[in-house]
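Below is one structure, written out as structure tokens; the observations come after it.
All chains are identified by letter, namely A, B, C, D, E and F, in their written order; residue positions are counted from 1 within each chain.
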Amino acid sequence: MRICVINPNTTTSMTDKIGEAARHAASQGTEIIACTSPSGPESIESHFDESLSVPGLLEVIRQGEIEGYDGYVIACFGDPGLLAARELTGKPVIGIAEAAMRMASLISTHFSVVTTLSRTIVIAEHLARQYGVEHLCRRIRAADVAVLELEDPASDSYRRVRDEAKRALVEDGAGAIVLGCGGMADLARCLSEDLGVPVIDGVSAAVKLVEALVELKLGTSKVGDLAYPLPKRFTGQFAHLSH
Amino acid sequence: MRICVINPNTTTSMTDKIGEAARHAASQGTEIIACTSPSGPESIESHFDESLSVPGLLEVIRQGEIEGYDGYVIACFGDPGLLAARELTGKPVIGIAEAAMRMASLISTHFSVVTTLSRTIVIAEHLARQYGVEHLCRRIRAADVAVLELEDPASDSYRRVRDEAKRALVEDGAGAIVLGCGGMADLARCLSEDLGVPVIDGVSAAVKLVEALVELKLGTSKVGDLAYPLPKRFTGQFAHLSH
Amino acid sequence: MRICVINPNTTTSMTDKIGEAARHAASQGTEIIACTSPSGPESIESHFDESLSVPGLLEVIRQGEIEGYDGYVIACFGDPGLLAARELTGKPVIGIAEAAMRMASLISTHFSVVTTLSRTIVIAEHLARQYGVEHLCRRIRAADVAVLELEDPASDSYRRVRDEAKRALVEDGAGAIVLGCGGMADLARCLSEDLGVPVIDGVSAAVKLVEALVELKLGTSKVGDLAYPLPKRFTGQFAHLSH
Amino acid sequence: MRICVINPNTTTSMTDKIGEAARHAASQGTEIIACTSPSGPESIESHFDESLSVPGLLEVIRQGEIEGYDGYVIACFGDPGLLAARELTGKPVIGIAEAAMRMASLISTHFSVVTTLSRTIVIAEHLARQYGVEHLCRRIRAADVAVLELEDPASDSYRRVRDEAKRALVEDGAGAIVLGCGGMADLARCLSEDLGVPVIDGVSAAVKLVEALVELKLGTSKVGDLAYPLPKRFTGQFAHLSH
Amino acid sequence: MRICVINPNTTTSMTDKIGEAARHAASQGTEIIACTSPSGPESIESHFDESLSVPGLLEVIRQGEIEGYDGYVIACFGDPGLLAARELTGKPVIGIAEAAMRMASLISTHFSVVTTLSRTIVIAEHLARQYGVEHLCRRIRAADVAVLELEDPASDSYRRVRDEAKRALVEDGAGAIVLGCGGMADLARCLSEDLGVPVIDGVSAAVKLVEALVELKLGTSKVGDLAYPLPKRFTGQFAHLSH
Amino acid sequence: MRICVINPNTTTSMTDKIGEAARHAASQGTEIIACTSPSGPESIESHFDESLSVPGLLEVIRQGEIEGYDGYVIACFGDPGLLAARELTGKPVIGIAEAAMRMASLISTHFSVVTTLSRTIVIAEHLARQYGVEHLCRRIRAADVAVLELEDPASDSYRRVRDEAKRALVEDGAGAIVLGCGGMADLARCLSEDLGVPVIDGVSAAVKLVEALVELKLGTSKVGDLAYPLPKRFTGQFAHLSH
């Protein structure tokens, strides 16, 4: 099985980290193809960044359909372009926020999310509401760490994420922590040991969900709003998508 | 006051129609600048189409900030890119779905939406949920009309929209009808006469809401998640957005 | 266009203030008729006060229909008698709580309300729930200011409202403040400057929404539960309403 | 124990019927004082009617406090003035809609309401939402019977209520029926026999809840928003309420 | 009337206390039969304890049907086995959590629950959500008292419950307190005097609701999912239930 | 990895079928131990049946902890005893309803459930609400097939399930079908071919989720309400659980 894990931002060191986490999570026999979006922002910290990451990641999926991948992971905690991506393929496409939130709900009755900058909190809140887990998700918290600080070994980003997670345990009564950024994929294990509760990294979780769906021979339903897009004319930078 | 009304698809006849509806709704002293997205699909009938319409419409808003427009309307019923657009400006930005649904809630306790193809129903359902009007919105209905059929005078699209709206009155007990596509902006008056209930066109409604906010000197809050995007590096087709 | 702005309490100084705010918000060509309720409490700070303000304000609307006003504003943050008022007319009727909350939702993803006495918090909570904005409204806060203190230039009511609003920004992460009393209509501008975020006064907001609906030729739907009341016999102090 | 059962409309034959149902439900030792509102509409079939029934019923409660009644029932399915009434007294005040809906939820996982005219459906829908039983209440149905038709022995109102209730069983899968009008208080027993499911009359249910609260020595909380109204000046027809 | 009040744990001193509270609440003419579950845990402080209390309490109800009791109370705040119990009988069956929460909603717009150990909070949260009162229930609080400590006169459990309840008044703005354990049935009166707000004990409340339903001749609906269980074969320790 | 798949009813032919489905879904290297509950009903079609299935399944898990299984599946669509089971172990425990509903939400924006008898619909409705997928789950439908009919090759149960599923596609607009009974585990593949949409069997889905969690080294959180039950005295048929 070949799973394409897409980093929707353009920072390749983050792609490497995400790919590594994905490979670590993957079953034997699963090949992980970690891709960097060919266009867009170097980090995703706003609705604007998110919007501009989508065309690149959809392009990766279009190419992936030619490659014949068995499934896709969108490795940004805002799950950008998730439903659009699903329209492009009959294979499973999983976002890391949905993967992490759903996995958390299987092992704890209450979890909190620790994300990066406070301005991204609302994005996670919208997703929790959309995914129907707002009664399970105690609180979305920001560690006040910029996404690219997570790439900088000299930063104290780990300490800030851990401290915020500790506050979640004490103040929110959380029984599990969801990591709110693809760039935190390498922190789960260490954090779980430090905190003594399950810590869920969405990249790993999404890989397992794609594997599960593929093995169950379940793919994106092509009946209803996730059917393939109707062929039509595109203009400008997207003219090549016309057919 | 100058309001930029953006047709996020690339069909200029629809831009003309939307512009006309906007001008008809505008107060004296309001100038309507109707813009066609410089890139993207000719019609928006899927999550995919929607995603690819966003970069173009954000570009229009970026240019609009240079022009110094006083506010913006996003004239597609999926309200694509709405929060991203709001990050780019301190001026008001209104989507036509939110405008229409909120206006409808002011004049009726129950309304139904009539949209184009059934595959777009879920998009409107998500918006109704996000905007907190799902208890007011009786049902989202599809007239089974492709967006571009609305541009074709020879089609019987009006009849199909009207018949679906009639069913909404009888079957849903709706007291008002919301038109679920920017391309229906010219149908509201005639339909309202045929049906005997208020019919809300989101383009007109959004223009009035922008005017209202501008006159109240209220603009998009720059405190919190709608603050201007952080400057960062962009790559590929969006490289020009780096700063 | 002539808009009747009704102060549902009987304090004429408050009517003056509300009228002034309404006139300031009104477009050129809009005439504001500010009316004081002919009967009821001097201030509205409880469910009881609210209930007894309603017959007076409905009387104003009945008279207004004879005058031929184009629309109505109910200038009390509990939106008393809103649906009853809508039954009496095919014109738009807007409550200032609904106006302020809906306008706030157009410019911020999270707002807080600052109202007067803590006992009125539950009234605003019920409205937020009824209007479907409870996920946008972070918190309803009381400044612990009696309504009539707002009329007393010697009181420190402004300071208390401002301090509570500041707490909303810090503690709630609010991006905008909604003023929770018609008697605060004169505070919005100054407060917005002091706080650096949009501050929404419902009186102004409601005037603009009525103007918008009138210009869109949209009025209260007379199909369904907002149809004119059935003629019937009334007794006692309301005997004159029989027909 | 003396319970004051208030018919908020002014039709005394309905007061008689409500009083009879209340007495039938009351325990030995409970005295039922059935009161007709001194002012307002002869029947309550709209938001307008409801609003104008409230001052009269609040007057009855004010007098009741002098009489020293032990509790109150508001015998109209819209529960008009319920929270205002609670402010006036430390005794329990129960509305028949809340009583019926809460009792129904104790004996069935799904119930439907059969009310009078279709324009009153939305009133019951709002209450179901406010009381948090919208997931238990399958549907609010109108039998298309005017309130005063229930007073006319020559009308076929019973048949129409029964037929609508039967549809509720078949189409909604309801396991119990809630009668949606105080004027149906005499129909419960017969209807229950005809239908073979529990049929809940709110008047009887409310009497039992008042009795229960009184015997538990539980009354309306005077801490928070249900505290006694603040003394203040009233004007016009309500001037006598000043203190 | 004979009401069977079931203590689903096996601690008879608690049964005595519950029985006493029930008798104190019961009307003249009501006989209270207080039963201890024949099997299961000595206290219920987890989902596991709850599950193992259910067979015993269902057995009590089966026997009760032979005895011909008129109704049942399940005297544990988790309402264990409530819907299963209802299937076994056409009589009313009331859980003390639902009784207390619904009674509280009749006398206050906001209440808080004080329960025993913090690990049981989630059980009460699930019930509040299931019963549709989560918007009325400000917060579920734990006094950090083990259930059996409530049986120990030497413990300071009363003080801890009272202190937590005081925090609920100050921090949550609660207008009433719901006691979150059957073993607190004797604390309501004293606590109410100490706190100055209504304090609701579910055992007493449930007895009154059963009495009310019985007097209204309303029993569990046997149409739908609460119909008697289908006869079938049982195995192992439940083999005697086969028929 | 060894996964214990528990059939909570006592019909061994159903255990065989469930085991087969589980084995078919399991990855290489996963051993499936299919267990029949040692006590309880032969099929689970009511709240009563469900309650009596729980002690047996908890016993299986207690034994399983001694065996050292890596995770558990509860193979009944009511997810009986799920939270209690989770308290007993730090391993993952997955119910087939939650597994199926969550998997369905990853591949379709709308699904419907087809279950057995109509009296079980409410059980699935409660779960959908509890799991936060009620906005994704269009409708719970009953095929009117008793559970044990699914074991009878001579019955036309397949046809009835398929016909109900077809109605879900046409009437509900469902894009995927969730099978609402462990005894339907063998129907998914054939049904999916007949219907042309994804059909989700919860047994297979749950096995994959357990595998995923185990491979992610994620187990049930022992912090909060899912901590191991407190040691205490048990009486009667559960006396052996004392410690």
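Everything that follows uses one rule, which is that contacts are C-beta pairs under 8 Å (C-beta built on N, C-alpha and C of every residue); 3 or more make two chains touch, one makes a residue touch a chain.
These figures come from a predicted structure and were not determined experimentally.
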{"item": "Neighbouring chains shared between chain A and chain F, ordered by label", "value": "B, E"}
{"item": "Intersection of the contact lists for chain A and chain D", "value": "B, C, E, F"}
{"item": "Chain copies touching (chain B, chain C) - same or different residues, decided at half shared", "value": "same"}
{"item": "Of all other chains, the one whose Cα centre sits farthest from chain D", "value": "A"}
{"item": "Separation of chain B from chain D, taking each centre as the mean of its C-alpha atoms, in whole Å", "value": "44"}
{"item": "Distance from the mean Cα position of chain D to that of chain C, given in whole angstrom", "value": "29"}
{"item": "Inter-chain centre distance, chain B versus chain E - centres from mean C-alpha coordinates, in Å", "value": "52"}
{"item": "Where chain A touches two or more other chains, by residue", "value": "83, 86, 109-110, 121-122, 129, 135, 173, 224-226"}
{"item": "Complete list of chain pairs which touch one another", "value": "A-B, A-C, A-E, A-F, B-C, B-D, B-F, C-D, C-E, D-E, D-F, E-F"}
{"item": "Of chain E, residues touching chain D in the complex", "value": "25, 27, 83, 86, 92, 94, 98, 102-103, 105-110, 131-136, 169, 173-176, 189, 196-198, 200, 204-205, 208-209, 211-213, 215-221, 223-226"}
{"item": "Residues on chain A engaged by chain C in the complex (per definition of touch)", "value": "118, 121-122, 129"}
{"item": "Chain D partner contacts - residues on chain C that touch it in the complex", "value": "10, 37-43, 45-52, 54-56, 58, 81, 83-84, 86-88, 119-123, 126, 129-130, 146, 224-227, 229-230, 232-239, 241"}
{"item": "Of chain F, residues touching chain B in the complex", "value": "109-110, 135, 173"}
